[in-house]
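Just below sit the structures, each encoded as structure tokens.
The same chain A turns up in both complexes below, where it pairs with chain B and then with chain C.
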Partner chain A sequence: MSVAETTPETRPAWFRPAAWANLFRERPIVPLLVILVVLVVLSEVIRPGIVSLNWAGVMVRAAIPLAILAACQTMTMLTGGIDLSVGAVASMTGFVVATLVNGPGLWTGIAVALAAAAVAGLINGIGVGVFRVHPLIMTLGMSLVVLGLANVWQLAMVQTGAGVPDLFRRVGAGMVAGVIPYSLVVFVPVAAWVLVTLNRTGYGRLLYAIGDNPVAARLAGVKAWQVLIVLYVISAVLAGIAGFLYSGLTNVASVTLVDSALLPSVAAAVIGGTSILGGRGGYGGTIIGALILTVISSLLSSLGYPEAVRQILFGSMIVFVAAAYARVTNES
Partner chain B sequence: MTATTTDYLLHARDISKHYGAVVALRSASLAVRPGEVHALMGANGAGKSTLVKILTGAVRPDGGTITVRGKERTAHSPAEARRGGLVSVYQEPALIPDLDILSNLRLTETPIEPFRHWLEELGLPGLDLSAMARTLPLASLRVIDLARALAIEPDVLMLDEMTAALPANLTERVLEVLNGMRGGDKSVIFISHRMTEIGSVCDRATVLREGETVGVVDVDEHSAERIVELMLGEAVDQQEALAERHVVAPEQRKHAPRVSVRGVALHPRLRDVSFDLYEGEVLGVVALEGQGQDELFDVLSGWERPEAGEIYVNGQPVAFRHPADAIRAGLVYVPADRAEALLMQRSVKENIALPFSSRVPRWGWIRKRKEHETVTNSIEKLQIDTRAQGEVRRLSGGNQQKVTIARWVASGVETLLCFDPTRGIDIRTKNQIYVLLRELADSGAAILLYTSELSEIPLVCDRAVVIFGGEVVGEVDARHADEPTLLKAAHNIGTEKEAAEVVTETSTVPVGEEADGEEASQ
Partner chain C sequence: MSAAVTTPARAASGRTASIVSALRRSGWTLSLLGILAVLVAITKAIQPTFGAAGIQGLAISVMPLALASVAQAIAVISRGIDLSVGSMMALTSVVSASLMEDRGEGFAVAVVIGVLVLGLVLGAINGTLIVVTRVPDIVVTLAMLFVWAGCALLVMETPGGASAQWLRGLTLGPLVNEWIPKAAVVMLLVVAIVWIPIRRSRLGLSMYAIGSDPLAAFRSGVSVGRTKILAYALTGLFSAFGGLSLTATTGIATPVPGPYTLMSVAAVVLGGVSLSGGRGGVFGPIVAVVILSLLRTIMTFLNVNTNLATVVQGGILVGVVMVGSLIQLRRKRG
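And then the complex of A and B:
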């Protein structure tokens, strides 16, 4: 699945009755699409009549902010890292805008929120890239710091009150003709930018290189700290954008709103074929992964299982898929 | 010999293995008699590694049978093969770096006393078993690996490039031990690219070419040529092309040196090294294992900062803080360990193009057409086999090494630092690399070459500096040096009068102050 040679998103992926393992390795998009279709069919079988254009639109709308968060994980995981602060950062940006919209205004709020996100990302990047703190520790710590600061902000802003701006609600939750989610306006450029960056730029190559073999990257003259600082800033800003969509979608401004999406964002990247060890994967698979997770979770809730059962099934599926990848991507 | 002489101890028949479209083995056979040391030979990509992996149970064959002492074997893992009496020692040491030697031995349930005995036989008596594996030099780790394998007394011992990168004295001990096993009831499968070693310890040799067994040769004084013929298919002798090589005579080096090294030191083994490297020459580094050459290359490649001394590039003092600084100054590095230099999961193209993107101004859009041209050029120049170019880890060792060199050739080499570039690769590829190094030097590159195979020095180098105990102890005219002289020089026993024409003390003239004062080699 070398992203450099084939961009699976733009090429038609024929279903070939070739060995599945090989298919998984070379074109992970194909089996992922098959899984997605199977899940859609399964939904229709279990709850006849559920699948409709409107249902599809709702699925896409729910998957979009998750897919953006998962872009953060995809990019950081390619370098062998991870960004566990995306949940806190996304919650923070949505919340900050909600507190500022009635005072300084929407655009000031957006600017402040994204700047705050970028600072968090910068510190993550310096910690990981310069001080060599493990990304897991660094970003986990950062998520607590961001949450704490957001709580302080909440206390300071308690008088002004908070409200999700109309624009966010329209973009995050609105649908054209009940079918096409408005949030595509945000998602399409973001996704296009991530795909192009990973596949067609020198920077994207370096993400793969650092994840595949940091020693080789260094020997080739790559200064990893530069790459990593930029990476974690990008990740935090993308998380911030996802936060706007989450607050619009749910019409909630809360400092913990997006926390529950953190692990699904990692799962979407893993299911999409990005190796948590770095060096392998791509964003195309992640997008499908986010859709698959959204459909599964809708399917599970339509079955009426209690939350606990859904969590068990959800977790098991992630482990299963990750294990399957480990098997097929290592030769024999 | 015992009554079972006519029977084979290990017999693999018609083994085949495909990886997707790539045929690794077509029909390989190997029959090992009890009490013989049997060489397994073949060029890169001939299928040797695959056959080894199948014999050790790491890979399952698509077809064919393996019988051990007449019984069919179906080992599905190295552990099973091991219980079946087949133990292998690979190119890479199989010790856990963060455990001491004793704990490593316990892991494999190795009996300690026989292990100590073999360690002594192999020339490492009195080794501290409480030492962490990671603190020991590569050569010692390999010897420990071998002693561990011998201590289990396996029926068949498989040695894959065991002697690559071993210093000459240890290699000799290994060969002695192997010789001692001949005629017993155990066997050894010996894989090496060094013909002299094959000649001195092996009874027979099985030769693979393009996934097939093309011949089994009884080893004697005249078998080397026959083996090479079988390996290469058609007789190719690129070493002859090197005989006509252009040589940089001292009078042609009037200009200032490309790189001057003055009194460089780095813990633990590099103490005080000075030399000049001129454009258009291949300067060899003659050294036994662990004389400071590793540290020297680390310093020159920008991987480590020296503790003392200066480096000048084109007369300008430089201080490398990162390999990127060295690369900008034109010093590029090819390490011995290909796993260090390559992105194993990425394509050949990405591996070659990696340095292009390393600097921030080059982080943007990749111009694919231009990149494709450059990459294709260097692939052709190095004759890289691109059948499995999607992932570098699927290439053979020799092709991987070519990729690491191609990376620098693609962007135009000024100064190439090669650390044992031919370690563990076959003759054909070695020859290609020799020829390439000469071509690069002839077109103006300056090349510093350390090699663990002394026979390469006269073949490729113009001059060579001898490093012993972390210091330069002499300089050799590489064109006229033979292996014994070099070996003596490497042991620092060649400074007597009879070797005077070979070794001359190098001076440490500061740069700028009469660079010509550097004593020219004879």
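And then the complex of A and C:
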């Protein structure tokens, strides 16, 4: 220890922990890409011949809806919040469209579903922004409300039946030439919009400012409640879009379809380097985080591990990675 | 102690003052009891047949959630929050039910003790992770929610197992009088025997201290980290009691966590425990749980759709927390 401290310059840069910590802190996306490559190599070693262009396409297709859900977590976490209602909201939108497609039509269904999602987000935003309810409790309560209402809707729609619309199936599950997933048509604009909003607009700056130092932000004249209301509406609408992709990908209309993606969406954002305390992170890392989780999932299921192991592993990863980031950022 | 040096008159006035302050401190709980009485009257008015049997059923259905809310209250008083309460209950429940299946009644005693120790250990792991990693409580316990639920699924994939007969007998039926359900007596005894000595000890004082101001507690010589770990261990212990009560009241165990975590947070807030820590007790949340479940009973009597009842419960949760934080905002400004 003391030797390392007294003569740091005798070691090459790649061997100094501080240099790694610096890299981790400034550009988390580089080590994340390294981890992703390692995982891909690991998959090929464990299951020779599994890695192919088609495999890559399938991975990307599975990661896209997760990455959109994780965008909700990234944006809310930047302000020190979290949105645990995304699972219920996404399931609800997919289900609502599936019940409306045979009656009022696809586009009406999409409009109704997104409007319902926006209302849920609006109430979340009012609770968090105006009433200062802890985001976690507000959004957990909202997920109960949304799930309950979706169940009521399900009972009301028993006669009509539900079917996932063709368009969702084509966009959610289809692949061009078996390599490029159609869902990129949705994902690329969404991701570009999120990246530009966070990095290049005043609104994005406000999100970072509120999360970094709420008092300073208020003294600088930021009306946090307005920013938060808009934020939670955006989050719910993004979750709604992800819900369309999930229902198309799995060809299932269920009010609990996306629940199992809730923890991975938080995990993707945390692994991607976004701090749950707010003020630090970005969407680029989150996208890689979603890809990493998807590859790990597929590796686990190809090895025949049950769902339980995946849950334990993801939960442990969140604690471990959050602790690592906390350590790295406290060192400075 | 102080009575020895003060005159009898001053001791008496001190006693009235302490009674008044005790009343003020438990004012919230007392008003909750008032609400409860009103709700019981409403239930009786809607459903005249609601009697001893109804109270029996209520006590049994309330037991797991009441223990969960005691667990949550202890974490929240120490300025934490434990989102893994429901998962710990599921895990301890499946462990107990799978070990008690096809075994003797005597072996079950060992199982119960072992499961309670398991609860302490699970909670201590949560607490240690929070203290060592310095990651916020909410994040660590959110992650552990999935870890413990995954462990429960590893123990048992589908609902099953069994409960020892004496354990079932502890919760079923009345005691002495048909109006006194055994489940309620057992639950209150467990809470009183474990919590009251701790509350009056140095540890209890430290828990309230780190809850109201960790820095001040640290400067007064409280070991903040150790107290936090012990508080989470107690949360785990009461979650284990909750898990055992699930096994005992249903006779089997389910590996999928119920809605206990969320409802326990609602009950804790409704029960007068401040989410910013250091304020409240464990008996307020228990009364709050009874109120919440009586509301559900009333809705059932009124033929309200059960899904709508879920919506109402979510709405109550959010509404109660909103009002709670409004009061806190007022207090800060005022």
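Quick note on the criterion: the second predicted complex is superposed on the first by the 313 of 332 C-alpha atoms of A that agree within 3 Å, B and C clash if a C-alpha of one lies under 4 Å from a C-alpha of the other, contacts with A are read in each partner's own complex, and residues count from 1 in each chain.
Heads up, the rule we're going with is that contacts are C-beta pairs under 8 Å (C-beta built on N, C-alpha and C of every residue); 3 or more make two chains touch, one makes a residue touch a chain.
On a predicted model such as this, the values are computed, not experimentally measured, just so you know.
Placing chain B and chain C on a common chain A by superposition gives a clash between them. Judged by the touch definition given at the top, the superposed model places A:L219 against chain B, while chain C stays out of reach. In the superposed model, A:R205 lies in contact with chain B only, and not with chain C. Which of chain B and chain C touches more residues of chain A: that partner is C.
Applying the stated contact rule after C-alpha superposition, one finds that A:I180 touches neither chain B nor chain C.
Using the contact criterion defined above for the overlaid structures, shared-chain residue A:R280 touches chain B, although it does not reach chain C.
By the document's definition of touching, neither partner reaches A:A56: not chain B, not chain C. By the touch criterion stated above, A:L147 is placed in contact with chain C alone, chain B being left untouched.
Of 6-14, 96-104 or 348-356, the segment of chain B running into chain C after the two structures are fitted on chain A is 96-104. In the superposition on chain A, none of the residues of chain A is touched both by chain B in one structure and by chain C in the other.
Put simply, chain B touches chain A in their complex at residues 19-20, 59-60, 301, 303, 322-324, 327-328, 333, 335, 339-347, 349-350, 353-360, 362-366, 368, 390-391, 394, 407.
Listed in rising order, the residues of chain C touching chain A in the complex are 83, 129, 132-136, 138-140, 142-147, 149-154, 157, 259, 262, 265-266, 275, 305, 307-311, 313-315, 317-318, 321-322, 325-326, 329. Those residues of chain A that touch chain C in the complex are listed here as 82, 127, 131-134, 136-138, 140-145, 147-149, 151-152, 155, 263, 266, 270, 276-277, 306-312, 314-316, 318-319, 322-323, 326, 330.
Chain A contributes residues 2, 4-5, 22, 26, 200-203, 205-206, 208-209, 212-213, 215-223, 226, 279-280, 331-332 to its touches with chain B in the complex.
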